[in-house]
């Protein structure tokens, strides 16, 4: 495994590519022209939110002892109805607060989220990047306007399950390789051709599977379909701006190396390639629409909340076809 | 004042306009065609995030005893550098959590946020809408895909301060009337013409003022420029989808009626018109760009986080010109 | 079951016993004399904390979608060591925050926590007691000084498992009846005799069981040993000030009535008797000490955090023998 | 100032005094005998909670961007009254959560809270003590049973304001020296004599002052009465177990050295002496009682919540006279 990591580092490392001060990584592949072209893909005006709802029954069931978002009211319509709020002239209100792990719903992993042998993106020493005060160099506030591009949906669940034996839901442990990605692209046709600067959304069907069966335990911690470590060459060479999936952690679980092994694709993708990984994207409605009209490209606007120093960015990604 | 409220209710109430089950209010003015047309405004590809950063030094200084967002790390690059995380093969990570009042940064007020004599939007009894479990009818999760439209910036700060005596920053207590809005539109030219379904962004300059002087106390609780109660006729009649400002509460403070008076424009706009109000939008960079090229229209994608039952929706609005 | 509830209400209801304004319930059984006598039980000076540690691996595993306490650092010794804190003359510090459900560690259920047919303790209408702003009448801040009394440990786990077949750990579903409580008292001798105003701590052994086996899922949601509904007569008649156990919910699970049934003992004990129930008390070290010296009485000081309006009170109960 | 710090380190450093593994610092002065003797001081049974209430209007007004505790309901009596909770047989409930900086109410500063030139208590390297995961060596969970001792109230506010010109409230900037402490002790008589292992509570009157005038801004950040740096010799030599005041930070503000200067007494007391400092103790009711009966000693039970790794411990201290 160390050899595989070493080879991947050697081949895919983008350090210095966008200057020493860079805080955007592969988002640099997106430029004004790309954004303008992406906007032209929004032809019909149909819009889709790709975010899972944030609530205490959500998909982050206890990962590392953390829970789901907890949303509570400071006061509500019940208080207003009771007449105890003390406002004049018939005014009433409701207000609320939330506590959430930044990675407990649909989110982007920030560049400061994962390190490779104490090195963060661009070769920085991890302790110089992220301290108790958060990410000082590549925090979520620095990419707030950057996630606007052409989005392409690769519906691996549907395309790789041609006979529909699985109902379009890949099983846990299913590793999506570069070959399989190419197969999906070919099956979906020209609108699925990947270009520099695209944000690629890969649907495995696992979110649908867990939602249908009502159990999130497997989603957060069990076997999951996802990208193969071997797909890193494609992730790097295709010069995409970001990749997101409908799973908890993008990459296949169990991992493809012998234990102890922890998120090896993350370890190359984030600190070495500078690639943004999106997790827990809800691609169901968008995928149904794409399957219906055969068009897999769209405008994607997916900038996360600019939490200062955040190593994760909760996001409501919106696709417009 | 009661007469003014009564008259406004009589003239501007949209109850039933979009059916009994409606959860979108004035967002109904946006349709596929509107969204497609809006996308065509993204010609140059320049993108702007309109969100203030979320951190504990933010603009919500103590309103109602609440504070700003608090973002803390579970572990950081310092832990990874110390070698105490226990991961294999050189893997290291950082992770984080956040606590925030939903209205502590850039946000949309939800339809369940304000009531008029115990009635919420569409004439519903407020206690049937928002309970201790949040907004059961019009929660933030229901508008996640709906905030995509033509955005128009009305830079009242610049246009109403023609001589630049104020540096483009309207003073506290400055009430923006319908006449003044028309004056801004006229000054800005054809690209600022307001159409049905637009999302209107009004820059007063107060965010710039407070940021420049380093004090948020006035921003959250002191005098503020903002919409006049008299502007409600225009807000209703222009059939806009939403309106947002760079202030804490959209409407002018002190209010234009004798105390006790609390957010009278909110009381008509939210439960009666069904209008979405956006607060604490950072319009500075966008406004500078519009002033430079004279084009005040753009694609705006501004769907908030889908907090289930949220009466507020934190959002990273993105404008693309 | 309705008959059992009705009979219990009729027999055990203490409404009005301590006046209309009462906020102390059975804590009224404790007076200065009782406290002074309790202090005289602290003869050797051996002190025991009865609180479980508060952390994200704690015993509240996902009950109602909520998690355990989440404790995070604002900055730490790693930041101080890195020299990035900006303090003068070699000063460094660490600081922290916490998010917690009030019932996620060792706590007292407040009188405003449970209602019986919309009636709270003392016959108050539940909506007049607890609103979105918390418990307005019997909140945790009102009992802050009241939990000082003679404590008595009833080690049901040890006494009812005379042959030690269970290792002193009663199994899930084991209902502790009044007869069994009397048996425990008899087995433990004179120091375990219960008197008016005592705070009774009942050890079932379940905390030890779950800790030993490393699984909290059963603790929060599965079968549990606990007080029988039939023990309510004794809880009422003995005029104790409070009762606490080492389980998640004091009463036996599954409940002794046919489903649907939810916490029937709570429904009588809290709103009708006005009895304080303590949950998740860690009685292991204290129980070992009592088993060793045969003395089961002690001074107990167990006032919870005075969260204004709290319907639960996190507490670090301290016993001194 | 560096000389003063250096001299204080040389004279008062207790490193190694209780062994290399120590996690109790000056709490080691308390033993079983001390606790048993302390319990004998609880003669009348009158009990006092010394904690400020925890709510969003509390005394921590914005220190370092942090706020007060925020307590919110998950559901309340309003929900139970509305009949929407879905429980059987007339059961209803209310439940709540809290977010709080650990130092936002009455609390003990932990030994891992402050460092002196990167050294924590007992000479440990600060980065080895407190990481992103909290205090690994001296966290709050390790002192949970240790704060039981003789408490002594030194009412400096009353004793040093003999003519009552100040109403028993010392002004901001009033530095309490060793001489003045001796004067207080002498004025209060034999029950105020300080002995090894005592927990000393010093009332300045500032909490009363701020509460009376309704403003917390000064409390958290403005001038405050408090211990003089010169009192460190007494704090060390008297071999007390802990000291607490009714102020935000125990020591006098402004500090007695030229700026830049930050909490110099903390810098010696915590990492060098190993002394526990208690802050924001509400001593008003206790002080009135002591003034009335002339007895200033009592049993004090003041163990904080055992937050694993906490560098602060929220506490409800209870005094029994």
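Observations on the model:
We call the chains A, B, C and D, going by the order they appear; numbering starts again at 1 in every chain.
By our rule, contacts are C-beta pairs under 8 Å (C-beta built on N, C-alpha and C of every residue); 3 or more make two chains touch, one makes a residue touch a chain.
Since the structure is predicted, the reported quantities are computational estimates derived from the model, not experimental observations.
Chains making contact with chain B as well as with chain C: A, D. The pairing of chain A with chain D is characterised as same-residue: of all residue numbers used at this interface, over half are used by both copies.
Here the spacing of chain A and chain C, counted between their Cα centres, is 43 Å. Averaging Cα coordinates per chain places chain A and chain B 26 Å apart. Contacts with at least two other chains are made by residues 55, 64, 66, 70, 72-74, 76, 78-79, 81-82, 96-97, 99, 101, 127, 131-133 of chain C.
Interchain contacts join each chain to each other chain, per the touch definition above. Within the complex formed with chain B, the chain C residues making contact are 70, 72-74, 76, 78-79, 81-82, 96-97, 99, 132.
Only residues 55-57, 61-62, 64-68, 70, 73-76, 78-79, 82, 84, 99, 101, 127, 131-133 of chain B touch chain D when the two sit together in their complex.
For chain C in complex with chain D, the residues that touch the partner chain are 1-2, 5, 31-40, 42-49, 51-55, 64, 66, 69, 71-74, 76-78, 80-81, 87-103, 105, 112-118, 120, 125-135, 141, 144-148, 260-264, 266-267, 299, 301, 303-312, 314-316, 318, 320.
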